[in-house]
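What follows is chain A paired twice: with chain B in the first complex and chain C in the second.
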Partner chain A sequence: MMWRAGLQALLSHWKRSPLQLAMLLLGLSLATALWSGVQAVNAQARASYDRAAATLGRDRLDQLVAADGNVFSQEVFVDLRRAGWLVSPVLEGDARFGTTRIHLIGIDPLTLPAEAQQVELSSNDDLISFMTPPGVMIVSEATAARLSGLDTPPLRISKDVPADTAIVDISAAQRLLGKPEQVSRLIVAPEQPLSQTPLADVAGTLVRKAPDGEGDLARLTDSFHLNLTAFGMLAFVVGLFIVYSAIGLAFEQRRPVFRTLRSLGFSAKALTGLLLAELLFFALVAGVAGVVLGYGIASLLLPDVAATLRGLYGADVPGVLSLRPSWWAAGVGIAVGGTLVSAAQSLWRVWHMPLLAPAQPRAWARASESALRIQALAALGLFGLTAALAHWGSGLVVGFSVLAAMLMGAALALPVLLAILLSLMQKQARGPLSFWFWADSRQQLPGLSLSLMALLLALAANVGVGTMVSSFRLTFTGWLDQRLAAELYITARTEDEAARLRTWLNPRVEAVLPIWNTEGDVRGQPAQIYGVANHATYRNNWPLLQSVPDVWDRVASGNSAIINEQLYRRDGLKLGDTLTLPGGWQTQIAGIYSDYGNPLAQVMVGVDALSQHYPEVSRLRYGVRLNPAKVPALREDLGRDFDLPPQNMVDQAAIKQTSLDIFEKTFAVTAVLNVLTLGVAGVAMFASLMTLSGMRLPQVAPLWAMGLTRRSLVWLELARTMVLAVLTMVAALPVGIGLAWVLLAIVNVEAFGWRLPMHLFPADWARLGGLSVLAALFAALIPLRRLARLAPTDLLKVFANER
Partner chain B sequence: MLLALHGVSKSYETAEGPLAVLQDIDLDLKAGESLSLTGESGSGKSTLLHLIAGLDSPDLGQIRVLDMDMATLDDSGRAAMRRGGVGLVFQQFNLIPSLDVSANLAFHAKLAGRHDPAWQASLTERLGLTSLLHRYPEQLSGGQQQRVAIGRTLAARPKLVLADEPTGNLDEATGDSVLALMLSLVAETGAGLLMVTHSIRLADQLDRRIHLRGGRIA
Partner chain C sequence: MNVRRILLSLVLMLYAPVAMAQGFAGLGTAAEGFAVPKPGTVFQFPADHGAHPDYRIEWWYLTANLTGSDGKPYGVQWTLFRSALKPGETDPQIWMGHAALTAQVQHFVAERLARGGIGQAGVSTGVKTQPFLAWIDDWAMTSTVTDNTADTLSKLSLSASGKDFRYDLKLDAKGPIVLQGQGGYSVKSAAGQASNYYSQPFYTVEGTLTLPQGPVSVTGQAWLDREWSSQPLAENQTGWDWFSLHMDSGEKLMGFRLRDGGEGYTSATWIAADGTPTPLPPGALKVTPLNTAKVGERTIPVEWRVDVPSRNFSITTKALNTQSWMATSFPYWEGPINFTGSHSGRGYLEMTGYR
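Coming up: the complex of A and B.
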C-alpha cells in the first residue's frame, strides 16, 4: 500500500508534465535507435564475413601453401598422399563469365575432410555430375541470378556458398582458370596417421599455415565498422544528453515531493528504489521503441553499407537484414544502461538528500563559478590528452581516442567559453535591454548548455566529416582524371580474340596499352601485380607520390617496380627497398603512387617483365588512346568487326561515373548518420527550450510588468536562441576542422592506408550554419509560440500573492 | 486626476461558469495622495490593481490612468504607459535574477529613459542597499529584496505607484520599516500611491482607505 501510494505521488509529476515525459522517452528511443541500428548493420556484415572465412573450413583447418604464395604442381599433392598425409587439394582464382567476375574454388570431393564440407554431395548422381565434364558450379541464389544466361557449366544453388563465389570440381577449376595440374593449397585433415614422413622431406617448398580465425575481409573491414560504431556512439551520447537533461529537471522539480515522502516515512533507500523502478520502466519502454526504430534505420542503411563494402573491399553482404534475439536484448540493455548512467547523479543526490533540505526547487543545473572552473580544467586536460595522443600515439584505436578526447574537451569547454563571451558582451552593452539580454542569456546557459553541447558535437561531426568527404571527393576526382587517361577500355573474351584485337587496333589508334595483371602474395599479404607499358600516358599522368628521378625508365627495364600507397604505409617501405614478388623474383621500389579505394597491396612492373615472370598472365584487357571524338566510331567498328558486346568496351566517362558512384555510396551512410545526429541535437535543443519556457515565466513577467510588450519578449527570446546557436556553430568550426584533420591524417591512414590533403569548404560551413540556425529556429518555435500566445492571466499568476 | 475608475467590472470563466470578481467599482486618486485597498482573500484587490496597471482588461467600465483612457490603448500603448508612468511593487519582489542589485535598481529608470544616477545613489543610501550593490537577488533576504524592488520602482520616478501586498512576505518589524520608507519616498516624489493590503493597521497609515467585499466597494 505504502509503495503504491509513493509511486502514485511520484508518477503524478509525469501526468502534469507529459511533454517532459515525451522528451525523456524520445531522447532515449532515438539514442537507442541510432546505436542499435548501427550495431545491426555491423552484425549483419560480420556474420557474412564469418561465412566467407569459414569457406572450406579455412577458419578451423590447417593449410599447406607454397612459401612464395604461388600455385604449385598437383604432383606435390600426390607425393604427400603417398607419404601418408591426409590432405585435399584446392585451386582458387577469379574467372570471367562475360563481364561477370566469379571467385572459383575447385575442390576434390573425394579427399575433402568432413570438417571442410561446404556443400552437400551425398548421392552418387550428385558426385558424378559434379566431377565429370562439364561439371557443376555450386553458387548462391544471387550469384546464380547474375550468371543466368551466360556460358557457364550447369548451376546448382546452395545457401552455404558466399556471394560471387562458385564451388566446382578441381579439374573444372583448372580448366576454367587455365591452370592445368596446378593447386593453390592443400587442406590438412584434422586426424592424421601416426607414421608420417615429415613435410620438409616430401614437399620442401610448402609451409603449414594455421587456421585463419578472423578472415581477411573481417580484418580489412574492421576500420569501416569501427567508423560506423564511432558514429553510432556519438549519436547515442548526443541522445543521452536529452535523457540526462530530462531526468535532471524532473528530479529537481520533484524535490518537494521527495522531501514530503521522506517526512511521511519513506527511507532514502525506499525512495531511491521507487525512482529506480520508475526509470527502469521508462528505459524498457523506450528501449523497445528504440530497437524497433533501430531496425528501421538499419534496413535503411544496409543497402548503402552493402554497396560500400562491395565497392571498397569487395566484400559481399546481403542487403536484407536478418537479426538475432541477442541484438534485441543488447538494444534494450543499452537503453537501460544509458538511462542508469544519465540518472546516476540525480539518484545519488536523492539518496544523500538531507531530510530538512529546503523544499524549494534549486535553480536547476545552476553552474556556479567553481563548477565552470572545474569544467574548464577538465576540458584543458582533455585537450592536453588529445595533443599527446595525436603526437605520440598510433593505430586506429588511438585515432578514435583522439577524436573522443577532442570532442568531449570541446563540449566541456563550450559553456565556459560562452559564459566568458556573454559576460564580455554584457560589459559592452549600453542600453538596459541589451544589458539584461546578455545577463539573462548568461543565466540561461546552465539550462541550455547540455543541448548546446549536443549541438556542438553534431555540428562539429558534420563539419569534420563533411570536410573529410569533400577533400576526398576533390582529391579523388583529380586522381581519377590522372589515372583514367585512356579514352576507351576494352576486354577481350579470349586470348585469341585479344591477339586479333591488338593487331586490328594498332594502326587505328594512338596507343594500345595492356592492362595485364596477376595476383599473389607480396610480403605475406594478397596483392595485385600489374604490367605497365613504356608509354608517355604513364609518364605524364600516373599519380606518383614519391619516385626516383628515372622511375619510368627503370620500371620499363624490368629492374624496378612502383607500389601503391597502401603497401608503402602498411609495411613501412621506402624507395630503394627490395621487394620479393611471387615466384621469388626480386625488384627494387622506384616509386609510390596513390591508389584510392583499393584495399589490396598493388605492385606495377614493366609489362615485358610481367609476361616473362608470369607467362600465364591474363592478356584480355587494354586501354586505348585515341582522339576522344573518334571513340564512338571505334566502338561501332569493334562491335561490327569483332561482335564485341557493349559491356566489353567501356569509355573513360563511364568508368569515372562508376567510380564516383561507388565513392558517393561509400559516404552515403556517413551522411545519413550525420543528418540523424543533427536531428537528435535539434530534438535536444527543443527539449531544453520547452523545459526552460516553463521556468521562464517568473523571469520575463516582471519585464512585461515594467512595460515590455509580449511581442518584444518573444523577439528577445528568439534572438537569444539564435545568438547561442550561431556562437555554437562558430565554436564547432575549429573543432570540426580538427576532427577532419584527425580523420584524414590518422584514422584514414590507419583504416584505408592512404592519406589525403585537407581542403577547406567555407561555402559548406555557411550552409551548415544556416541549417543550424534553422534547426534552432524550429526548436524555438513552439516554446516561443507558447510565450506569444500566453494569456495575461497566466503572466499575472506570477504576481499573484496566493501563487 | 492621476487615476479614475467608473463602473469597472471583471469576471473570470471557471468550470462552474463565470465568476464575478469586481462589480461596478468607482474610485479616484490624485497626485501626492495615497490610498489603501483592503479586503479578504479573493475580494478582487489584486485584480483591480492589475486592471489599473493595464496587465488585464475590464469587462465593463472605464479606467483612466494619467489622463489616458485604457480602453483606447493597445498592448504596446499599455506597455508604454507602464514603462513611462506607472511603477509596480509586488509581494513576490519579482526582481530580475540575472542582474545584480545595482542593475536591478537602474533597470526600470533606464527603460523609461529617466535614469538619474544621483537620485539612484540617494535612494540606494536611504534604502540601506549601498553594501549590497553587487549582490544578486538570490543572495538577499526577503526584506532586502523588497527594498530593492521599491528602489527599482522609485528610481524611475513614476507618477503612479501600485503596490500589491509589498510587505506580505516580511515579518512585522521589517514590514513596518519598509512601508515607512516607501511612504516617505513616494511622498517625496509627489507620486500617487495605491496599495493593496490585508492589514488594517498598515492601511491606516495611508491617506485614504477603500474596503472591498465580494468584488464591491463596501
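Coming up: the complex of A and C.
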C-alpha cells in the first residue's frame, strides 16, 4: 500500500510536467536512435565484408601464393599433390562481358576442401555442366540480371555469391581469362596426410599465407566505419546531455516530495529503489522507441552508405537493411546504460539526502560555480592531451582520440569562458537593470551550461565537418580537372578491336593515350600498375605532389615510376627509393601524385616498359585527346564504324559527374548525421530553457514587483538566450576549425592516405550562426510565451510561498 | 560435400542403386554414347591394363590380407576409379582414389578426387622406363617389372597415405591373370548388363604399414580386380555383397550377389591353384547372412555362409573388424575376412547399399 502511494506521489510529478517527461524520453530515444542507427549500418556492412572474406574459406584456411604475387603454372599444383600436399587451385581475375566487368573465381570442385565450399553442386548434371565446356557461371541474382543477354556461359543463380562475382570451374576461368594452365593460389586443406615432401623442395617459389580473418575490404573500409561510429558516439553524447538535464531537473523539482516521503517513513533505500525502477522503465520505453527510430535512420542512410562503399571500395553491401535481434539488445542496453550514467549523480544525492534538507536550488547552483574551477582544470588537461596526441601519436584511433579530447576539453571550457565573460560584462555594467541582467545570466549559467555544451559540440562538429567536406570538394574538383585531361575515354571489347581502333583513331585525333594496367602485390599490398604514354598531356596536367626534375623523361625511359600519395604515405617512401614491382622488376620512385578516392596503392610506369614486363597486360582502354567540340562527332563515327556501344565511349564530363556523385554520396551520410546532431542539440537547448523557466519564477517575481513589465522581462530573457547562443557559436568556430584541421591533417591521412589543404568558408559559418540563433529562438519561444502569459497572481504567489 | 557424393555415384553407377532413366534399355542403347562391353572381346595386355576412356567407368581395385611382424592380421585396400563425364571426349575424366588400412580394432580410410588431363591422376602404360603407373596425388601403383616378357602387372609397388596412416608394399604375382565371366565378359543382371572384368589374385606381398602407434612390417597375399563398363545397374538392384576368397589350398573364389529385393543375381568364378578359371552359372553361388553388427546407425551383415554346392564348398566368414566402414562420401563396408568350413582361408568382403 505504502509502495503504491509512494510511486503515485513520484509519478504525479510527470503528470504535472508532461513536457519534461517528453524531453526525457525524446532525448533518450534520439540518443539511442542515432547510436543504434549508425551501429546497424556498420553491422550490415561488416556482415557483408565477412561474407566476402569468407569466400572459399579464405578466413579459415591457409593459402599458398607465389612470392611475387603473380599467377603460376598449374603444374606446381600437380607437383604438390603428387608430393602429398592436399591443396586446391584457384584462379581469380576480372573478365569483361560486353561492358560488364565480372570478378571470376575459378575453382576445382574435386579438390576444394569442404571448409572452402561456396556453392552447392547438387546433382550429376550440375557437376557435369559445371566442369565441361562451356561451363556454368554461378552468380547472384543481381549479377545475373546485369549479365542477361550478354555472351556468357550459362548462368546459375546462388545467393552465396558476392555481387559482380562469378564462380566457375577453373578450366572455364583459364579459358575466359586467357590464362591457360595458370592458377593464382592454392587453398591448403586443414587435414594433410601423414607424410609429405617439404614445401620448399616441391614448390620453392610459393609462400604459405595464414588465413585472413578480416579480409581486404574490412581493412580498407575500417576508417570509413570508424568515422561513422565517431559520429554516432557524438550524437549519443549530445543526446545524453538532454537526458542528464531532464533527470537532474526532475529530481531537483521533486525534492519536496522526496523529503515528504522520507518523513513519512520511506527509507532512503526504498526511495532510491523506486526512482531507479521509474528510470529503468523510462529507459526501456525510450530504448525500444530509439531502436525503432534507429532502424528508420539506418534504412535512410544505408543506400547512400552502400553506394559510397561500392563507389569507393568496390564493396558490395546490400542497400536493404536486415533486422538483427542483437540490435534490440544493444539498443535497449545502451539506453539503459545511458540513463543510469546520466542519473547516477542525482540518485546518489537522493540516497545521501539528509532527512530534513531544504530544497535549495541556489545552493546547488553555487556548488556548481565552485565546480567551474575543476572544470577549467580538466579542460586544460584535455587540451594538453590533445596537443600531445596530435604531436606524438599516430594512427586512426589516435586521430579520433585527438578529436574526442579536443571536443570534450572545449565543452568543459565553455561554461568557464562564459562565466568569465559574463562577470566581465557585469563589471562593465551600468545601472541596476543591466547589472542584474549579467548577474542573473551568470546565475543561470550552471543550469544552461549542459545544453550550451551540447550546442557547442554540435556546432563545432558542423563547422569542422563542413570545412573538411568543402575543402575536399574544392581540392577534388580541381584535381579531377587535372587528372581527367583526355576528352574521351574508350574501351575496346577485344585486343583485336583495340588494335584496329588505334589505327583508325591515330589520323583523326591529336593523341591516343593507352590506359593499360595490371594488378599485383607491391610491398605486400594489392596495387594497380598503370602504363603512361610519353605525352604532353601528362607533363602538363598530372597532379604531382613531389617529383624529381626530369620525372617524365625518367618514367618514359622505363627505369622510374611515380606512385600515388596513398602508397607514399602508408609505407613512408621517399623520392629515389627503390620499388619492387610484381615479377621482381626494380624501379625508382621519381614522383608522387595525388589520387583521391582510390583505396589501393597505385604505381605508374612508362607504357612501353609496362607491356615489356607484363606482356599479358590488357590493352583495351584509351584516352583520346581532341578538340572538345569534335567529341560528339567522333563518338558517332566510332559507333558507326566499330559498333562500339555507348558505355564503351565515356566523355570527360560524364566521368567527372560520376566521380562527383560518388563524392557527394560519401559525405551525404556525414551531412545527415550532422543535421541530426544539430537537431538533438536544439532539443537539449529547449529542454534546458523549459526547465529554467519553471525555476525562474522566484528570480523574476521580485523584478516584476519592482515595476518591470512582463513584456520587458520577456525581452530581457530573450536577449539573454541570444547572447548565450551567439557566444557559444563564436566559441564553436575555433573548435570547429580545429576539428577540421584534425580531420584533414590526421584522420584523412590515416584513413584514406591523402592530406588535403584546408580552405575556410566564412559564408557557411554565417549561415550556421544564423541557424543556431534561430534554433535558440525557437527553443526559447515556448518558455517565453509562458512567461508573457503568466498571471500576476502566479508571480505574487512566489512571495506567499515557502521560499 | 555433395560433389564427392555425386562423383562416387557416377563412378559406381554400374553397381550403385542409382535409378537411371534408361533402366533395362541395356545393350542396344550403347549407354548414351559410351562404348559397351561385348562378349568375345579378347583382352590385349599390357594395353588393357591401362584406361579405357570410351567407357563410362573403370577401376583398379586391390585388396590385401596381411600378417604383421607383431603376429596380428591386417587388411589393405587401394582403389582407383575412373569416370567419364561425357562420351566422345578424352577429358574431362574424373579420378577417385580410396585407400584403407584395417586392423582388429582400427580402420583408417582416405579418399582423393582429381580431374584427368592435368597430371594429377591417371594411368599410363607402355612407357619404357615405367611400363605401368596408376596414380592419384601421392598414391601410386607402379610396375616394377624389369623383364620384358613378364606381364607388366606381375610386379608392383603400392603406396597410399591418409591423415593418420600410410602403407608401402611390394607385390609379386605367383600366378597368371584370370579372366572373369565368359573370357572376361562378366554378366551383372538377368537382363544382360555386363562389364569387362579380369583379376590378378596371386600376389604375394611384403612391406610396411605406418600406423599412429608406429611402423609394422607385413607379409601376405593380395588380389587385383580390373573392371570397366558403361551401363548402370538394373533399376531394382539395390546393392551387392562381393567376396574374394584365398583358400589355404591355393584355390580362389570370386563371387557376388546383386540384391534386388528377391533372390538376387549371383555369379562366381572358381579359380584353380594354377589360375585356370571356371565360371559358375548364375545361381550356383548362395550367400546367407548369419549375423549382423551395428555400424553407426546401420545394421550390416558381418558373418556369412557362402555355399557353392556343385563344388562341395560351404564356409562361414567372419570379419577381422566388423567396423570396416568406408566412411567416404558414398559410404560402404569393405574389409578383410577369415573363413572356415569345408575350406578355410582369408579374403575380402565388400557390401554396398545397406541402410
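The rule we apply is simple: the second predicted complex is superposed on the first by the 783 of 803 C-alpha atoms of A that agree within 3 Å, B and C clash if a C-alpha of one lies under 4 Å from a C-alpha of the other, contacts with A are read in each partner's own complex, and residues count from 1 in each chain.
Definition applied: a contact is a pair of C-beta atoms (placed from the backbone, for glycine too) under 8 Å apart; a residue touches a chain by one contact, two chains touch by 3 or more.
Since the model is a prediction, treat every value here as computed from it, not as a measurement.
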| item | value |
| --- | --- |
| Which of chain B and chain C A:Gln443 touches, first, second, both or neither | first |
| First (chain B), second (chain C), both or neither touched by A:Pro432 | first |
| Partner chain in contact with A:Arg710 - chain B first, chain C second, else both or neither | first |
| Touching partner for A:Leu194 - first (chain B), second (chain C), both, neither | second |
| Contacts of A:Ala277 with chain B and chain C, given as first, second, both or neither | neither |
| A:Ala388 touches, of chain B and chain C: first, second, both or neither? | neither |
| First, second, both or neither for A:Ala114, with chain B first and chain C second | second |
| Which of chain B and chain C A:Val798 touches, first, second, both or neither | first |
| First (chain B), second (chain C), both or neither touched by A:Gln74 | second |
| Touching both chain C and chain B, counted on chain A across the two superposed complexes | none |
| Interfacial residue positions of chain C with respect to chain A in the complex | 1-3, 6-7, 9-10, 85-86, 89, 92, 94, 110, 113-115, 118-120, 135, 137-138, 161-166, 210 |
| Chain A-touching residues of chain B, taken from the complex the two chains share | 12, 41, 46, 50, 53, 55-57, 75-76, 79-84, 88, 90-92, 94-99, 103, 106-108, 110-112, 115, 138, 164-165, 168 |
| Partner chain B, residues of chain A touching it in the complex | 363, 431-433, 435-436, 439-440, 442-443, 698-699, 701-712, 792-793, 795-796, 798-803 |
| Residues of chain A touching chain C in the complex | 74-75, 77-78, 81-84, 86, 108-112, 114, 117, 120-124, 126-128, 131-132, 171, 181, 191-196 |
